[in-house]
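Next up, some structures in structure tokens.
Two complexes are shown next, each including chain A; its partner changes from chain B in the first to chain C in the second.
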Partner chain A sequence: MILQAFLIAMVVLWLFPLFWAVYASLRPYGDTVVHGYLSWPANGLSFINYQNVWTQGEIPYYYLNTLVIVVPGVILTLLLASMVAFCCTQFSWRFNLIVLMLFTAGNLLPPQVIIVPLYWIYLHTPIPMLGSIDIGTKFSFAIFSDNNLLYDQYIGIILIHVVFQTGFATFVLSNYMKTITKEITESALVDGANVLRIWWSVVLPLCRPALAAMATLLFTFMYNDFFWALILLSHGDKRPITTALNNLQGEFLINNNLIAAGALLACLPPIIVYILLQKHFVAGLTLGSTKG
Partner chain B sequence: MGDSREAKRVQNLLALQDEALRLNPNLTRRDVLKIAGYGSLAAFIAACGGGATNTPTGITATGGTMSLGSYNTDPGSKAGTQAIVDAFTSANGGTKVKLNTVDHGTFQNTISQYLQGTPEDAFTWFSGHRMRFFAAKGLATPIDDVWSAVKSNYTSGFEASIKGNDGKAYAIPTDYYPWAVFYRKDVWAAKGYNVPKNWDDLKALCAKMKSDGLIPIAFADKDGWPAQGTFDILNLRLNGYDFHVNLLTGQNGQKWTDPKVTAVFKKWSEITQYYSPAFAGLTWEKGADQLLRKQAGMYLLGLFVSDEFKASGSQADVDQLDFFAFPHVGSSFDAEEALDAPIDVYMLTAKSPTLQNDLGQAKAFLEFVSKGSTQVTYWKNAPGSIPTANDADTSQYPALTKKAVQIVSGAKKITQYFDRDSRPDFAGPNGMQGFLLKFLSNPSQDTTNLQKDMQNFWDSLPPE
Partner chain C sequence: MANPTTSVAPARSQQAPEAGALVARRKRRYTLLTRHDKILLAFMVGVPLTLDLVLIWGPTVASVVLSFTNWSGIGPITDKNFIGFKNYQFMFTGYTLFWPAFLHNLTWLAWLTFIATPLGMFFAVLLDREMRGTRIYQSVFFLPVVLSLVVVGFIWELQYAPTDGFINNAFGLVNSGHLIDWLGNPRINLFAILVATSWRHIGYIMILYLAGLKSVDPSLREAARVDGATEVQTFFSVILPVMAPINVIIVVVTAIEALRAFDIAFIINQGKNGLELLSILITNNSISEASLVGFGSAIAVILLVISIGPIVLFLSRTMRTLA
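Up next, the complex of A and B:
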């Protein structure tokens, strides 16, 4: 009984901020100005904030920005991390433990500490301009750069995500790959498969559950990023949705109801991904927690 | 007179063609013809205009492209920026303007890396120390040629605000807003309050409001910067403009431990008892709400307080808003009638990869935004910002804006606000924002140690 009461209290405590955000987002700003936040809506609730965020805040466009950063980011990370994990677990060579430790240790580095050198690297790394893919009138994905630099480019954001997420993905995937018995790869070797073929046709299919779990996790990690896009993009219209929420603030006036609506809309995709891939998400939590 | 002006215009156009040729030696013969064509087109358009504007044409180029970095993200100011960009394109031979809009907070916080990275040709910024700082670092391009072409359209106060430490012009001021004491006309009429003329009147009024059940002075300092407005005006009234500027920039050996600063805090402590309860947790919008809901009697803030009134959606409330200049305190500096009136400007970057190509167009843009007609176009979208040009058409201003113009033009000295006049690291949360909150948590304290902390913090900052 006490346990139930405690659990209910905790649920209320955790859900309250979310409820408050939903409530604020449904109230027109004028209503809260006149009556305060701690009041019942005088003129009823409305979806006006959502409407404004969708049209003035151009939320759909920023979803697209996030998509072009996160999808290649997740795919590249999984490819690279599975290669490293494959080499370190399926082959015995002198440095495999050291390499694995290197990747795992990189995981512990707080990203903020390298921001100044990273900024200068991005400003001085030439990237070719090979045209662009245009979607609609506003969106344009440059291949690979529209200013000959890594700075202020989608590709730059994708790369830094790949760099920072590869460590964690390698750690998890290598633990999973250790459970694949050597006999399988050895028999593939006997059948004449080369190393790349073993990786692609034998090990990767066996790792499908791990890859699915990692993809779910990596999607949320990259989706949630606020920092890199803020520092490494100078164009407001290249931002992913999380950073773009800042665009809803003016010079002086901050309409918190509008921002609540925007934040809730920005929350939706990870929640949908979580609901759809719940199974993998839970699997991901325990993945690699036991060896062999 | 009209003829001589025409002649000057044509001369200027010829000069601009020379400039364009000199800047880009790789022009082909066809390009030269094109530029000449644009030039004569501009001359033709100017001639058709019949000299309606009194801003002379300058060292500029038409057609082509340029880029603009803008921090205007409020719905109104965003639309206003787009409107003047569109007007510029059609007025300047179809110059294509690439507009990059970044929200105000992020733009300010990342300005340093923005200007050192790959910035646009022109950008929106503030005058005051914040402008001089980046000019001195070589991150802005001087625009003396543009300024000398347009300066007849500005008062000398504006001219002083856009000069760098080296005496060169770096910016075109486009709009400003004053800080004053706001109140509701209906509340004051109902209670029979009068505008206080001096410090004692103000205190008596506060006491009366308190007994009437009002919060005498709305005060909201969650974000740290609003308190600096009160410091500014008290320091200006008590110690004068020169002392204030020296103090905020550390020039002429001015120290925070000066007894004159102590006097400011002493004076301030006389009215803090009339402030909103729990002000350290209130944003400025909450303070404005107290005024709007008739809970508070006065509010010392910028003209942007009217934004919150407008956001309430009730025009009746907006119409009740009025203000007066901060009362005199009985010092010899009262006569300066000084006040904070931050000025927003347009500047040219230095490190833009395209600036060399677009310099003529970018200068044409700066010249375009110096026109009263352009500024009025912007003001119609963003009414909180008042045009700076002498030739701006003031006939459409509402009463509140007219009054704002009046008190600013009556001021002998104008400051830009604490965080624009001092170095950013000193004005910020670790510096004066924090120190002022510390003072306000116990206003009757002996401020000697606090002032020592301020000076120590100033001394600990690296050279700019």
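Up next, the complex of A and C:
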């Protein structure tokens, strides 16, 4: 059938750039120097490029940086956003709509609109230094700050991710929570539970599907961020993998084979998350659009 | 809607006894909240809201104010720093990179709106037919969406590189000596990265649109078929109008993506030589290369003003059902 043939052709087209990157990454550099990139592997394929990038480019170290930023980022975003969504959908306050609008619109702004004053805030907000957690010789995770500022700190990157993505998560979670009847909150209040408890043990468990979807999506958003880490971090040591990749180019990633291996290592975690949690991923994106 | 407590007002005048009961319940809801509860709720909204105001909306307003100054980012701002519309004047008339960047953002928007987004919608319509392998096709088209634009940039550099890239090799341009410098030639590099961007954008739109199509009442299609409409007719005169809400969301998503464009152009060549974008000019002028805070802010204001359109459209379509 024509349609199937067309779609298969499209699938091949879609996968080709990835396939080509995988192929280039598996070929030893010497092989491609002699035969060019568009050639059959004369000396076989190997993982040597991955080995080189992994050790010389210190990939595990940058993965750890990403982890330190993304895990607290996702958890805090979900906590804050679910609180706002809970207050604005379960109670009829006068300012519900304006609060939700502020959060939603804030997330739609291009980040570059706010970056100049934000950069100044990051350079002028005093943050206490409370020592650091050191793992091994190279990895030192400052508690709060190691230069008294928000600038060039893990905590600064976490903070802007949380604030920016809370806008998106609040919008999506409000859409979800408004389908939960207010009677549940009311009867819990009658039973004498306080609002914090109702939020945590009554409403949040009901939102599990939405929270799972958001967690998946937020993980990917924060993992893939380039801009905040590029501007608000100055030390290469603190960069998450996505931003570090750009720095590695020209320094360690000196040929296409290594570039391909580096890029593929950097995108492996989101791809794994996507393959394992595809349902949540898609649900997260569509919750934000179709229910609205 | 289904919950009677939310529609108190109209009921009151018509059905007195029942309405009385409802009003009582409504009142009780407020008295149920203790002082303690109210303080807790104020914190639960107050903390995130304060952060949002300080780190998002404060800087937005500050950008507007700073755009009227010649502040360098160091020291206090005094009356002398306020220079009226001079930044804007210079931006529109003297700064040679502004109009190219503006045009590139516009091209970006046009490309996404008229090429990538319709393709994503087209894929969604095809995959909505639930034939064999739909799930696999869907997974494949969506795969690039989970990649960061940095990685997308790297992956496409392997296609576009002049002597080592796939494209020039595959079409024999390397051997014949007619190399095309896809990313280096300022006349074509914007379109080269737009192709790479579309690789990701199409899957994103496809998923959004597919979810919308799934929510269309199947009896509508059935009725159109009975009336003898072709599939194309059915789509344009039945499905598309029903999908109006999601169409708006897709237009907004597309516009916002075009205005936010930054990463991939920065990765390729720091947004120079044909890849200038408003977002990149802002950071270059105020942070990375110079400290023209006021001037960079003026460019940010332009970006803000353009963004207001899609943002207001989005809010007006989504907020009426919320809260």
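Brief remarks on what is shown
By our rule, the second predicted complex is superposed on the first by the 279 of 292 C-alpha atoms of A that agree within 3 Å, B and C clash if a C-alpha of one lies under 4 Å from a C-alpha of the other, contacts with A are read in each partner's own complex, and residues count from 1 in each chain.
We adopt the following convention: a contact is a pair of C-beta atoms (placed from the backbone, for glycine too) under 8 Å apart; a residue touches a chain by one contact, two chains touch by 3 or more.
Since we're looking at a predicted model, the values are computed, not measured.
Legend: residue contacts after superposition of the two complexes on their common chain; A:149 is shown touching chain B, with no touch to chain C.
With both complexes superposed, C is the one of chain B and chain C in contact with more chain A residues.
Within the superposed three-chain model, A:247 lies in touch with chain B and out of touch with chain C [touch as defined at top].
When the two complexes are overlaid on their common chain A, residue A:36 makes contact with chain B and with chain C alike. Looking at the shared chain after the overlay, A:190 reaches chain C, while chain B stays out of its contact range. Legend: residue contacts after superposition of the two complexes on their common chain; A:119 is shown touching both chain B and chain C. When the two structures are aligned on the shared chain, A:20 is found in touch with chain C, with no touch to chain B.
When the shared chain is aligned, chain C comes close enough to touch A:80, but chain B does not. Once the two complexes are overlaid on the shared chain, A:237 sits against chain B while remaining clear of chain C.
Judged by the document's definition of touching, chain A residues 36, 119, 230-231, 246, 249 lie at the interface with chain B and also at the interface with chain C.
Per the touch definition, chain B reaches chain A in the complex via residues 69, 71-75, 77, 100-106, 110, 113-114, 116-119, 283-285, 289, 292-293, 302, 304, 307-308, 311-314, 353, 384. Only residues 28-30, 33-34, 36, 56, 119, 123, 147, 149, 151-152, 230-231, 234-237, 246-255 of chain A touch chain B when the two sit together in their complex. Across the interface of their complex, chain A is touched by residues 2-3, 5-6, 29, 32-34, 36-37, 40-41, 44-45, 47-49, 51-60, 62-63, 66, 73, 123, 126, 129, 131-133, 136-137, 139-144, 146-151, 154-159, 161, 164-166, 169-170, 174, 199, 204, 207-208, 211-212, 215, 245-246, 249-250, 252-253, 256, 259-260, 262-263, 266-267, 278-279, 282-283, 286-288, 293, 296-297, 300, 303-304, 307, 310-311, 314-315, 317-319, 321-323 of chain C. Of all residues in chain A, only 3-4, 6-7, 10-11, 14-15, 17-18, 20-21, 24, 32, 36-38, 80-81, 83-84, 86-89, 91-92, 96-97, 99-106, 108-121, 159-160, 162-164, 166-167, 170-171, 174-175, 178, 181-183, 186, 189-190, 194-196, 199, 220, 223-227, 230-231, 242-243, 245-246, 249, 256, 259-260, 262-263, 266-267, 270-271, 273-274, 278, 281-282, 285-286, 289-290, 292 touch chain C in the complex they form.
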